[in-house]
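Have a look at these structures, which come just after this line.
You will see subunit A twice below: alongside subunit B first, and alongside subunit C after that.
Take a look at the complex of A and B:
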């Protein structure tokens, strides 16, 4: 089978019951892709450990921001949750139900409650479908929800059309858009269509995989605002994926930072920005300016050197040790740090670094001074 | 639009349907492609050639002055000469003593039938195999593609010749032979195109919306993969016409030597290439021009369907 034992944190709390505060509970999730070689018979010569043991909880009505460099496994994690990519280990409990144990048909029906918004809006819409067809297709499959049936009438193509038009209005597109095709819209409008389609089934959870990174900077804020507006309107729970901390900052309640298939830090959004604890988060934060001059002047800023190591062969010990400026000879190369609660030092936060406390207290200096960005010059 | 009674908010709904129908009209991919085709001169030339060819084939009995394959003027043909242009015979006689113009006109009909039937046969077989391989994946894919690889490793004309020889001298033999040789080409093309489509986000989106796999393959992946296959079919019509000629030339055509067919006309005329070059030249030109028409049309279609040419 796959890889080594998962080193997971102190397995927090038993799976939540249906209707509890925690909508989604993920434990030790793994998605490994086999690497195949061979001319005639495919031989598995290894695995790409795209997602390699992720634990997290998402609370109802909240937004969980997931950030990390390109290739760290964010999209694969999102797809693994919906079983669009079949997980190879771990569990996903959605509203008290174990997603991984669902039979194909039950999974198909369950999908109405978990939807996805994609990075490239044009690629995520069938170019041959008109907007009307795009929006009514999910309704044909699952039918209108009870509340919608009350408002728009008995399940029929006319009530589906009415719901589709209403949904378009909610995302800020004219009804005339129904007759058009995806290639006739701008990027921002296409993403609105993608969002309308994801929301038309009244899902509970929406996973937005880099929803704005393919859009012009000028429309990014509009789309983010739309997502926030819909969250309030429809009572949605979000997982928003981004490669850049700046995008998720103001919409997230909690932010998880991913590195090479694992979560390295998790904290309430404001806390993370005020004081990143994991060296990787510190490096990510160094890349973005902070408007508050107080913090800007005093924060530690470091450069991220080198490339992301291959997820097929992650470094031993701490996965970040090949790039970490705080790396210590003693434990970093050999012992894998667990994602642990820092307790009184930083309540409500989890960090996967052996030396988080010492770094916070300023007791460990950066080993290679060239990596430090001079606070005056930088 | 629908027969369902408008139970709730009928007024709002009527407004809405009216709204949609009025001035806002979308342009679907095929409509867009057609608009681009109309602006492309080589598409127009190709379409005109193909149209002329089809009209001649369909209205052959009206256009041709005589019945086909009547050798009633055989006495006018001598071992050394065939009569050229005259009042009764616009293009003169062929070496068997029938009217050359009539032969050419009926040849169009023969080529069109064989071209369309064999391409349709190849297309149907290829689409079935390609959809199985590209839609189901797994061992079905492996099995189908191995079969296709084997067939593709044989040169298509050789494959067609073997199949035609196996089926014997039947009129359908040549069509089956040419079609069968096209099956692996269509299958491979469609499978590749489907695999490329299957990795698109819209397929992932369809799964996450809870659509059934069958629906996704048949109503999303397949229709989006057909573009290159349709282009190929148009181009194949051109090759099929040439291959019919080639097979006839090799003596594998329809058994009735009297049936007008451009390829066989070439064969019959070849010993008179020196003295009467027009006997080979005219059917040759017919084959070349028709093939050119289909090729121009196919290439323009490819261009028009290319997503990059969309604005």
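Take a look at the complex of A and C:
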């Protein structure tokens, strides 16, 4: 085990008490993967610090969006919450219970309340399983919820079938789909089935990892609307992981931006686009193409140099300093910034940059002018 | 088009490739009525590309945008003569400086491909040679085109890799494709395509696999190429945002046909075809107000009718009626100059 570097600054606020409007509270979450070498004996020669100290709260009924570039640890974070990947440090408090301390049986029971939707959920499943068996499998494992048992009767194959059919209708597929097999559906329909499977146990929290990125552009909106509809209908709380910021911004109330295993910025959805504060977010926002030539021609673009560094060996100090266009001579290379509240400057937001206030006030400019591309007039 | 940008202060600007002089006003590539039909033995024939026409001038970027299976890649492969020789029928013309690429002999075509025409593919691994270091793959192309010493070629390759956003290019020169990340491979491929300073560059989803921050670097580089060297570029993508920022002229494809084509400003300001219009309305935009439900297009691109019977988009179109059930709808001029639409009930002009 590697331990996270000690960072200066205030300690993160303690997790909220049970019954509060915070459903999920994550503190200092770490998921490190050992890097093994050697022919005879596996020797651990280092760790991939995929998730390396993340603190965040998700409120009931809200959608928390998580964005960041490929390899920054978004999926590992989502899997770590459910212990599909064992965290190596930190805590996950779900509705007042510490997930990391649960015994296998208690964890199994807890999982019915936390479900996951994948990019292409059926790609990894047995193609010989019919939709009916895909949907009733979770019911066989966990049983119907109390409310569903009242509606459909005690657990039995007929009550499970009734619930499966009802669920299909909710996601907009005909009952006839029950007898079909995954390959008989389009990508969008398969995602509906994946969503039905995740929601059939009436979970409280759904973690959707790239739920629309495998879909055709014209089909994405259908699935986004479906997710929103189900949230209203079932009172769900979502964590939506995606690299498409426009999609994330559309469905999320709060967005967290990840960089190399850490959260670098968190803000209400609208604020993040209106005024990104962390240099990485500023560059990210400026890089996203907008389908409107008038806007594209008049945008300032901030280029980043290089790639995401290896999470096995993150840069010293601020992890973003190797690519940061605002990097300063002091602190950036040596001192890791904590994710901190900016207070009155930007209420409700957290940023992990030593110089966020100065950058916001325009007191620090981009050091290398070739990284800044100014809008072209006309 | 956007202004010239130089990603690196030390970048070599203003070097012109030695080639026949180009007339910037004359089309460099003219594709006329291109048809591609796949016929598997015993299977039904599928027409992947159905009467596609477009042209590209030097220094111009022409976009081909459409969803999965609409025929974008097949169009570009046909133009480059890279479709399999069996089970495929290609007809029409693809005139490069007036010579038809579709009927050209293999030898002539491959010499043209290495010199004047280049392509960046969707899948980088399939087009890099896995057993040759990346650097050598770049210097080979450079030395084939210019009289360079080995050292000069190395320096130039390093410069090119750096400008394509590859960090630490000197070290990368000696690495094999499998040692690079997916995004890095894609950029190496772009570097190889740019090495011969092609007169015509066809890019098939060159940035789809890349993170947006890297995509921004690559798109700037491509813009620079077009404005500095006057390269003619065909940009294939499903990303309307990329089109909006890069292309001068846009062709929207659906089920093998161009359904709408226009100057990019005209297209985004006044989308007229019901598919284009619906698509622009359905995608979430970073800059649009939140809180409204999206307005999706029903169905999937697979729900289609043969163009010979009706409008292929009819099964998904809320404006479809009997008038749309006609064979071979025409791509007809509508509104502003150069705007063409294949639709019986186009969206009104003011309706965005």
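One rule holds in what follows: the second predicted complex is superposed on the first by the 349 of 378 C-alpha atoms of A that agree within 3 Å, B and C clash if a C-alpha of one lies under 4 Å from a C-alpha of the other, contacts with A are read in each partner's own complex, and residues count from 1 in each chain.
Operating definition for what follows: a contact is a pair of C-beta atoms (placed from the backbone, for glycine too) under 8 Å apart; a residue touches a chain by one contact, two chains touch by 3 or more.
A quick note: this is a predicted structure, and the numbers were derived from the prediction, not measured.
J.: Clash or fit: what happens to subunit B and subunit C when subunit A is overlaid?
T.: Overlaying the two structures gives subunit B and subunit C room side by side.
J.: Name the contact category of A:293: first (subunit B only), second (subunit C only), both, or neither.
T.: second
J.: What is the contact status of A:186 with respect to subunit B (first) and subunit C (second): first, second, both, or neither?
T.: It touches subunit C, and subunit B stays clear.
J.: Please indicate which partner A:246 is in contact with in the superposed arrangement: first for subunit B, second for subunit C, both, or neither.
T.: A:246 sits against subunit C, while subunit B stays out of touch.
J.: For A:219, decide between first (touching subunit B), second (touching subunit C), both and neither.
T.: In the superposition, A:219 touches subunit C alone.
J.: When the two structures are overlaid on chain A, which partner does A:141 contact: first (subunit B), second (subunit C), both, or neither?
T.: The answer is first: A:141 touches subunit B but not subunit C.
J.: Is A:36 touching the first partner subunit B, the second partner subunit C, both, or neither of them?
T.: A:36: touches no partner chain.
J.: Is A:123 contacted by the first partner subunit B, the second partner subunit C, both or neither?
T.: A:123: touches subunit B, not subunit C.
J.: Considering only touches as defined above, state whether A:283 meets subunit B (first), subunit C (second), both or neither.
T.: second
J.: Between subunit B (first) and subunit C (second), which does A:306 come into contact with in this model arrangement: first, second, both, or neither?
T.: second
J.: Please give the nearest C-alpha separation between subunit B and subunit C in the three-chain superposition, to the whole Å.
T.: Taking the overlay as described at the top, subunit B lies 11 Å from subunit C at its nearest C-alpha.
J.: Would you please give the residues of subunit A that touch subunit B in one complex and also touch subunit C in the other complex?
T.: Subunit A residues touching both partners: none found.
J.: Could you pull out which subunit C residues touch subunit A in their complex?
T.: Where subunit C meets subunit A, its residues are 2-3, 5-9, 67-68, 165, 167, 181, 183-184, 211-217, 219-220, 238-245, 264-265, 268-269, 275, 278-280, 282-287, 290, 293-298, 300-302, 316.
J.: With touch defined as at the start, can you tell me which subunit A residues reach subunit B in the complex?
T.: Residues 79, 82, 84, 108-109, 111-112, 114-116, 118-120, 123-128, 130-132, 137-138, 141-142, 151-154, 156-159, 161-162, 165, 174-181, 183-184, 194, 197, 201.
J.: Spell out the part of subunit B that touches subunit A in their complex, as residue ranges.
T.: Its residues touching subunit A are 1-2, 4, 6-9, 12-13, 16-17, 19-29, 32, 200-202, 204-212, 220, 223-224, 307, 310-311.
J.: Using the touch definition from the top, list the residues of subunit A that touch subunit C in their complex.
T.: Against subunit C, subunit A makes touches at 69-70, 186-189, 216-222, 224-225, 228, 243, 245-247, 249-250, 269-270, 273, 283-297, 301, 303-308, 370, 373, 376.
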